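One chain, chain A, links the two complexes that follow: it is found with chain B in the first and with chain C in the second.
After this line comes the complex of A and B, so read on.
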């Protein structure tokens, strides 16, 4: 790959876990090896590992990652966010939700949900 | 039941309580019935009966299985017993005993109850007045609570700590002390001691060192060792103790008792001390053992002491805990450092273990830690290198160390290599290595010095090279020869300029005595005189090395020869070379001359006055009158006139040599021909056609004006000069000359501003007025900032210049108004542009603190100057603006509508990455402003920054992402 997007993790490193005062990187929810970037085909593929298999916040984490990437990447990229296989009980349902563009858009219209996501994305000094 | 209670109260406690307990246990009776049955006993007016009844509760509970009582029952009984603590003093001990039983049997007491227990005990119980068994009961209660309800006690905070300290005060019984130490250790490691750290330490420290002899037969089975370990655990429980315990331990180390010293030493190893304390501990150990060894008359007992200590500590040296064993090694090392006798005993004992540990660890961090300790020992040996008798036995010990280091040098970690070079250098310079080892190390160093790029490792390699050659001057000749060969070979390959630089750099470090100096110097001069453009790299690198060489020998007696060995040959060389320069090699000539200037500057800095005068005599004669007699130039070039503006540039550029010299020497030493020289330089600066010569001559004039002795003489110089310059700037002169006059004027202003001369007002105000000149304005605008620029290589105290403090601030505050009003009143766009350039340049060179009070005035101007994308100080302006956003938000707010689009434009459309990043950072900083100002721009910013997200530079992309998300996260202010 000629053109490395960012040091990939830079982007996601500052997302806070909704349940912990730590970032996703510190919790190993997102690790560099689970992020794949194909610059030529404009694809970004992120897999994350929820802290526990029945983590109720998995959707929110996925949504936050998605939003963060949407905000930080040039619009030409197609972003895929998924739960790493076998790490969550309702993996399929969550993945389906995350992949559904309309549902994501609708979620972001929801003021409360947006505020939650923003809370996750704001720098720790303010949050 | 009642009968049993009667029996108990009458004096058959054991059977009675057993009977009752088994009844309750079998559910034949209830606990509550038992308490009810006790009523008469508990309410009796006789203190003894009441006491016994209270005691009975404890005895019965003890017989019941653990956790038999429910939480409520436990809380209730506890409350009752706490009330009994306030009863008659003879009842109190019984209540304590029962409480002790209750707290151990009831693991689920409520948090409030636990707090209540502590408060009541701390308030009601005077522990020191009780018997040892009852004191023990108090401690047991606290211990039980610590085990079961840690969090509740932690909530009590300092109250609990100080309460415990008061209860424990003056305890002497070893059985109780064991419990106390146990509690104290738990408290120290689990509670925050806060302000009571010192009190806690005081109460524990008074037991150190433990001095306890168990009574015959030792009925309680408590040994001294148990107490010692318990106390040590307390000391090492928290790092907060380190600062208090260190003085204590060190004081005890001065004790006459060997056992006390040993105990202190081992406690020290076990303690949680931080690295800065390790250093002071080591120093203290050195002092202590120095005193001990000099105090004992016979060496034998000192040896015994050390060996004994070693035997006690050896388990740490070999132990698995890396931190402890390193600390143990470094304390041993401190002891070895205390005297040569201690060294002679200690090192053979410890070193083999240490070396084997270095070998054993493959992980870099661990190996590094041990190698560092090893070097500590080698340093001690090195310190004693005069004492050859003491060192002789170590020769064999060094062989494995040598192989270890050679092995490490092959690894990839530079940190490890650095330590290995240090170690080898210490061994070699201590005289412990034989000739072949030194030679092989030297070979390694030479090859490393040619391969390792600039880093700490390189510095160490070169320092070691020098140290070794200093210790073995005989080897230097051969080393120089091989390095010189490398330098020449590098040129043949024509590939690697780094290689040449490294070789010359290493050569400088081989200069250790006058012989090697002569040789290296000869090599440099020879290389440079061979000339030819194909060797340019090597020549320039030699010229650079020459300056380094001057710095290096400046403090030695070799420096007395520089006059003849460096200065004059360089002049001769430059004159000879001046014949060879062609238009193609002009660039190289300028680079070389710049380097020569630095050499002369260095020479002038370190020469004493008489040498300066005599060198000045020769140089000034040569430059003013073309007198080349002293230089014994060969043949063709008889006459040179470097100070005449009509001379070819090859000659006039020689002025750089004098410039360097004049820059750094004390002007008092240049009495003769100074005025004449000044006059000539001044004319040269005005009229020469060569840019390089012009700049150099300008600097020459500025330096002389800056250093000129205080008095009327300056005025005498200055007035005609100002007149002449003003004449030269008039319209009838060709533009080239007018520009040169302006530049000279700038340099003069700089010189006079630096010394805070009264004439600066005229100079600088004229400069500012020149900004309105259509031809000269842009030159002034672009260069005005040099007046407030730091120029340490030209104007500085070490160069005997006159630099008044705060001169930049003065210039800024005196001229700011004129600059701003000049901008406002200017009509043409060019003139406005010139003013903007000048303001932004000056602001960018000044520290932010200076400009801060004027930001309100400056921000509009700075923003306008952002429009010019060619402005060289864009980054600095942007950072000023960024700071302004934090310190003067009102001004920024009022300008935000024009600022945001400008910043967006800069962050996307400028060529330089740094400008783009600075603009983005500035935008991010803006998000700190009140959001009603920002929200109107939010959409635009968020939209346009999409483009910056796809920037071709990674750092820009990163900043763009941050800035963009900061803008996205802006929240409209909540309407109340």
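After this line comes the complex of A and C, so read on.
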């Protein structure tokens, strides 16, 4: 169980911010206490904090987290990615979009959007 | 009354998530579609279901839904590539007859009216399109209905009249009918607290069931002008009221609901990997306060989200489901 949490944390911490030359962990967008894993019930719940309350990239960041988890976890896991309560002005709208599997599936068939997500998920040279 | 589902067969073949299964009107063929951009047609050989044909090359993105015409000769498929294809099997083989263009983006669902003369499609562009089928097998847009304020997820025609229902990411269900010259939205059904994913009419079409991301089901009853209950019907148009809400059985969104015309049972498919079957129970006032009991709760029906469930229109108790796990399953309800 602990192993799962830590490895997951490792998965998310390396996601790049679309606008900054930093990772989501470095920007405190995703902190460990906001990742919850229930290995028995196959649930993974992640809350993230956009850098600013009107961050226009919130959906892209959430989508990148979701995609990273979908690609990395066994398919038995149900993944919920949400904005931490009170940290974004369009919190409910973004959460609803991120929870809509059909929209996520369609977004991932959109070449341009997929490229943006992949940029967030690509390994960036450190230095 | 406890019942169970017996898994008759698991059908493998799709190479990606399966979004939709649809029985032909005669109940002998099952069409399926999904993320692998193909349509598969399944039929029974001896005691088992086998893949009879694979329809490819019509769409460049996910095929979200398939629907048979009432005569069983045509199959329509809605795709994320913004088009809808119509196939004919009059020659014995499935041939792509037409590709309907017009939606701005992902087409989510398609359905044929009971007469076979009309087709409806809906899309993320928030619109519902009505298409007329001409005598020489052409399809002309008859109306574009833009009453939903968000992504339209699903369309379903009334079983005996040209009344259309749609449901949306805007949390509502809408009904449409043809009025004098054009189509109009004639009712808005509000009650769900999140996206409504699916709707279905009962056998007679005086009741509608809706299901959605709030994990609940709602039964809506039609009150026609002059109804004995005294429900007022402004403009002489039927009013639909929620008479029953069913919740607490699914833990995640309900993606699909199917109301069996033969048995009156309601089946649901959910993102919690399970299927449920509801049975109507005798009630003092069955019209205004119907009672439904859960008859089956099939946990782990699939190993991932169940996207669609559909009752066979001819063989009572036969059910098909499909899932993100890439499989389709055929089930039989068993009374215990």
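Here is the rule we use: the second predicted complex is superposed on the first by the 118 of 127 C-alpha atoms of A that agree within 3 Å, B and C clash if a C-alpha of one lies under 4 Å from a C-alpha of the other, contacts with A are read in each partner's own complex, and residues count from 1 in each chain.
Keep in mind that, in the parts below, a residue touches a chain if its C-beta (ideal position, glycine included) is under 8 Å from a C-beta of that chain, and two chains touch if they have at least 3 such contacts.
Fair warning: this is a prediction, and the values are worked out from it, not measured in the lab.
Of the two partner chains placed around the shared chain by superposition, chain C is the only one that A:101 touches, whereas chain B remains out of contact.
Residue contacts after overlaying the shared chain place A:28 against neither chain B nor chain C. Legend: residue contacts after superposition of the two complexes on their common chain; A:56 is shown touching neither chain B nor chain C.
Contacts of A:76 after superposition: both chain B and chain C are touched. Of the two partner chains, chain C is the only one touched by A:109; chain B is not. In the superposition on chain A, A:122 makes contact with chain B only, while chain C stays out of contact range. Between chain B and chain C, more residues of chain A are touched by B.
Touching of chain A by both chain B and chain C, each in its own complex, is seen for residues 75-76. Of all residues in chain B, only 946, 949-950, 954, 957-958, 961, 964-965, 968-969, 971 touch chain A in the complex they form. Residues 4-7, 10-11, 68, 71-76, 118, 121-122 of chain A are the ones touching chain B in the complex. Interface residues of chain A facing chain C in the complex, by the touch rule stated above, are 75-76, 78, 96, 99-103, 105-106, 109. Chain C makes touch with chain A in their complex at residues 17, 35, 61-62, 64, 80, 106, 108, 124, 151, 153, 169, 194-195, 213, 252-253, 271-272, 303-305, 324-325.
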